[in-house]
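Each structure below appears as structure tokens.
Shared between the two complexes below is chain A, which has chain B as its partner in the first and chain C in the second.
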Partner chain A sequence: MIEEILNKEKKQYYLILIVLTILILGIILISVTLGKAEITISESFKIIIKKIFNKNIEIASNKEAIIWDIRMPRIISGLIIGAGLAVAGTIFQAILRNPLADPYTIGVSTGAAFGAVLTIYINIVYSLFLPIVPVAFAFSIITLFIIVKIAGFNQTLHSSRLILAGIIISATLSAAIGLLKSMAGEDVSAMIFWLMGNLAAKSWAQVLILFPTITISIILAKHFANDLDILTLGIHEAKNVGVDSEKLVKFYLVIGAFITAICVSISGIIGFVGLVIPHLVRMSFTSKHKYLIPISALVGAIVLSLADNITRLMFVVEIPVGVLTTLIGGPFFIYIYLNKSSGENI
Partner chain B sequence: MLIKANNLTIAYDNKEVVHNVDINVNKGEIITIVGPNGSGKTTVLKALTRIIKCKKGEIFLEGKEIKKIKDNKIAKKIAILPQTRNTPKDFNVETLVRYGRFPHTNWQGKLSKEDKDIIDWAIRKTGMSHFRKSKLTKLSGGERQRAWIAMALAQKTEIIVLDEPTTFLDLSHQLEVLELIKDLNKSENVTILMVLHDLNQAIRYSTRLYVMEKGKVIAKGNPEEIISSKLLNDIFNVNADFYEDKRHECNHFIPYKIERKIHDRRNIE
Partner chain C sequence: MISIKDLSFSYDGEKTLFENLNIEIPKGKFITIIGPNGCGKSTLLRLISKELKYNSGEIIILDKNLSDIKPLELAQKLAFSRQKTGENLSFTCLDYVLLGRRPYKEQFEDFNKNDLRIVEDNLKLTDSFNFINKNLNQISGGEFQRISFAKILTQNTPLILLDESFSAMDINYKVLSLKILKEKVKEGKTILCVMHDINLAYKYSDHIIMLKEGKVYKFGKPDIILNTSSIKDVFGIEVEKIEKKGFL
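Right after this comes the complex of A and B.
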């Protein structure tokens, strides 16, 4: 009896995986043809074929640049960041055993934001061109370190202590960001734009950072996913059935924070994907983490890239995708929450 | 000897709450730790099950120091039923019981035929067959307690540790849980270590008792011999009449009066 149920679930899982993958490929192909520059669909596909299969096809070089060097990296970054945020959200909800947790709960993202804003400020004041991404990343890792120290890792792990430490550090850093903003005067717009989270102007260099790091993190996260299921019982209860809970939580904390740090350093703070997607998958399919992690990744990728297409195409002035995800994500989440008969899975 | 704990001293934030406690558990016994609130019963249990660290003292599991054994190995020897636990919302009984097999499965968590048989057995043994697919949140307190016991059973361990398994249960469910524990001890030869509040139940179901007060073991041994009116008066400040329970061939007492001690009275004044 157990066997049957497990097999059925497994089949469903692979089916969903295949459907979502096809959907993603479709989204890539369609998104790449969409845009304000006048490039026909056939031209777009020709460029892709030319680039991927190294064929020699005559095509205007400016069009080639738009498709291959502007649209393509942006689309792929969006997919990877969406996947990363959704997985990080799943991880934090599991290890903090809190349904309200998301990649930004423990404040790693605020660390990245502070690093970015600080870099922008220094660049403005001293007319430098310091790169934002590495500084943001460094600050998010430092923040993680401080939070873990405050939460007191040597004692038994309490998720509430981690959340509390995260909130305190976040609040402090937010104030510091506010200070830098007020000191920046007229140039504050660059900071605000970064903070709102967007996928514009992503290059292949960023894809090159994103792809290996996020993919490896997700694979690692899936690897110990069965243990995460047991962790939902509680830290001590999991230990009682032989899970080294403290080690497990530390491991996932590092992976989740690492994914968040990379995503936020590159795209700014894109809200709601990390909170909503895991819930969505959990409510509609399963709460087993070995399925939840990969499916959340794919759904996150799809949602963020669709949202990015909307911001790119629907408005006269491009709005940051982070604004859109939160704007649509909030009401949508309330909608599915209320429509779910009992809402007890949340 | 299955579990041997020497000289346990346990402190919370440098405040010692348990002082130099020795506890031994032999195979096949039902050991119960009793004592007033705050006497350190649960703390000792937590130390024995590695949830908190000891300041001093050693714990041996089958002659090996417990600190040096991996979580996974210990989980094959000792199953633990904690006092308070959160109930995961979307779990059904079967899922919970399946997790009991975790220490025995490989890293992929694949269940063998044997694992499945044990899960079926654990569910049947605890009388949970009807509730197999029920959500834990939908069960009554007694049923939920049985579901957790089923999970502990699925671990197929030699020892089951239970922290106040009857708390929050009504009379019939208390009896049901204790009878189940007794049956496991008799028919499956599972060694039991537990904390109970009800002294009469402790007398009736245990082979040996440890009585704790203020972080110390002040009496241990055969329940008949150590639970006396003097002990009740010393520890719980109550006077009690003892009767013979002929059905179970053990003693039974009814407390009738609280006797404040002199130093207590002085505190009140």
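Right after this comes the complex of A and C.
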């Protein structure tokens, strides 16, 4: 009886996993094909096969460059960042026990944003070419330390204290970003474009950073997923069944913040994926984290890459994908929420 | 089973709740703590379950000092049913009861047939099979208490702490649960239970601890210590003992 229920859930999980994986492969193939340059699906398929299996297939070299060096890294980056943000959102909602939490709640992203804007400002003023990504990453990690320090790392990490510390730091850093923006004068557009979050002009170098870090983080997050379930019941309830809650909260805090820091450093602040995707999966399938984490990752990947395709293909002037995800994600979420009778599931 | 020695505790460092509290809880008995609101009943359970840290003194559980017991080890010795769980992001009743097997599992290890059988038995015992697929926040208070009780039984520990765990159940399930507990006591388990219903406490407990303002007012067999004068002293109300007139 019970075994049947659990097995049914497991079967469903694998089925969803397979369907989503096939979907992702399809999206990759279609995404690289679509664009201003005229390339057919079979051509892009050949190019991918050629590159992956190192085969000798005759293909025009300019098409190869467009598919493999320009479109492919962007699409892969989008998939990974989407997955990362969705998983980070799932983690923060669980450890902060707050359905409104997302990767940006505790302010790590604002740290990254500040680092990026500061770098852009220095580059403008001193005509330098400092790289944005490492500075943004460094600042987000520093922010994490400050927040955890304020919330009290050695005491029991209360979710409300973490959220409060995050809000305080975020507000302060936002003001600092505003200051830099106003000081930048006419050159402010570079900062604004970065802050809005976009996936344009990503190269294999960025994929090389994203892929190992995010994949390992997600695997780690999934490994302790059963305990994450228990944590949603509260620190004390978790302790009652033998889970060392404090250690676990810290572990997940670091993983979630790390994923966020990497994603934000590379793509800027892309809103809503981290908030909505975990809820969608929870409402439509399960809230068990061992299923929730992998499925959220795949759904997040799909949603962000689709959104990126829309911004890339449908408008005359490319708009930042972060704007689109929030613009579509918000109303879509309200629609789902109102349609689902058991809204208290959230 | 549990020795509480010279225990002192205060919530904010100012108003002390317990001062040099000494209690010796014997093994294999059903012990009920009664007392007025705010006398420290729940706090005592939370101290024993290591949820709260005491200021001084010591608590010894099964010959081991509480401060030396790791969370996982404690979860195999002691199950605690608290008054309410934290808010949650949807958790099904079945998953909640399965948590009772968590202390016996390695990280990443799946539940085996034996675990599932134990869970199934306890769901049957507490008669809560028909809502196992519902979410914790969709069921009534009484149903939640039955699920919570099933989880505590599933944890299968020598020591069980219950904090008003039957308060929202109807009389049928209250009596059913207490009878199950009596069976568990026969198997050698120790039950430490906070209850407000003096009549049920009187009928089912082996011993009763009467707490008043953080002190043990009386500790002994129910028919010896529960009488009109002790109830007046502790609760401040006049009661009358009625023999064979109630419905229990």
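What we mean here is this: the second predicted complex is superposed on the first by the 346 of 346 C-alpha atoms of A that agree within 3 Å, B and C clash if a C-alpha of one lies under 4 Å from a C-alpha of the other, contacts with A are read in each partner's own complex, and residues count from 1 in each chain.
In this text, a residue touches a chain if its C-beta (ideal position, glycine included) is under 8 Å from a C-beta of that chain, and two chains touch if they have at least 3 such contacts.
Predicted model, so just to flag it, every value in this text is computed and none were measured.
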Based on the superposition on chain A, does the combination of chain B and chain C result in a clash or a fit? clash
Going by the contact rule set out at the top, does A:Gly26 touch chain B (first), chain C (second), both, or neither? neither
Quick check on the superposed pair: does A:Gly152 touch chain B, chain C, both, or neither? Answer first, second, both or neither. neither
Which partner chains sit in contact with A:Gln93 here, chain B, chain C, both or neither? Use first/second/both/neither. second
Using the touch definition from the top, say if A:Ser287 reaches chain B (first), chain C (second), both or neither. both
Residue contacts with chain A in the superposition, chain B compared against chain C: C
Per the contact definition in the header, classify A:Gly234: touching chain B only (first), chain C only (second), both, or neither. both
Can you give me the overlap between the chain B contact set and the chain C contact set on chain A? 2-3, 97, 226, 229-230, 232-234, 236-237, 239-244, 282, 287, 344-345
With touch defined as at the start, can you tell me which chain A residues reach chain B in the complex? 2-3, 97, 156, 226, 229-230, 232-234, 236-237, 239-244, 282, 287, 344-345
Touching residues on chain C, where the partner in the complex is chain A: 49-51, 70-76, 79-80, 82, 85-91, 94-96, 99-100, 102-103, 107-108, 111, 113, 116, 119-120, 123, 129, 132-133, 135, 137-138, 155
Applying the document's contact rule, which stretches of chain B touch chain A when the two form their complex? 49-52, 70-76, 79-80, 82, 85-86, 88-91, 94, 96, 98-100, 102-103, 107-109, 111, 116, 119, 135, 137, 151, 155
Touching residues (chain side chain A, partner chain C) in the complex: 1-3, 5-6, 93-94, 97, 99, 223-224, 226-227, 229-230, 232-237, 239-245, 282, 287-288, 342, 344-346
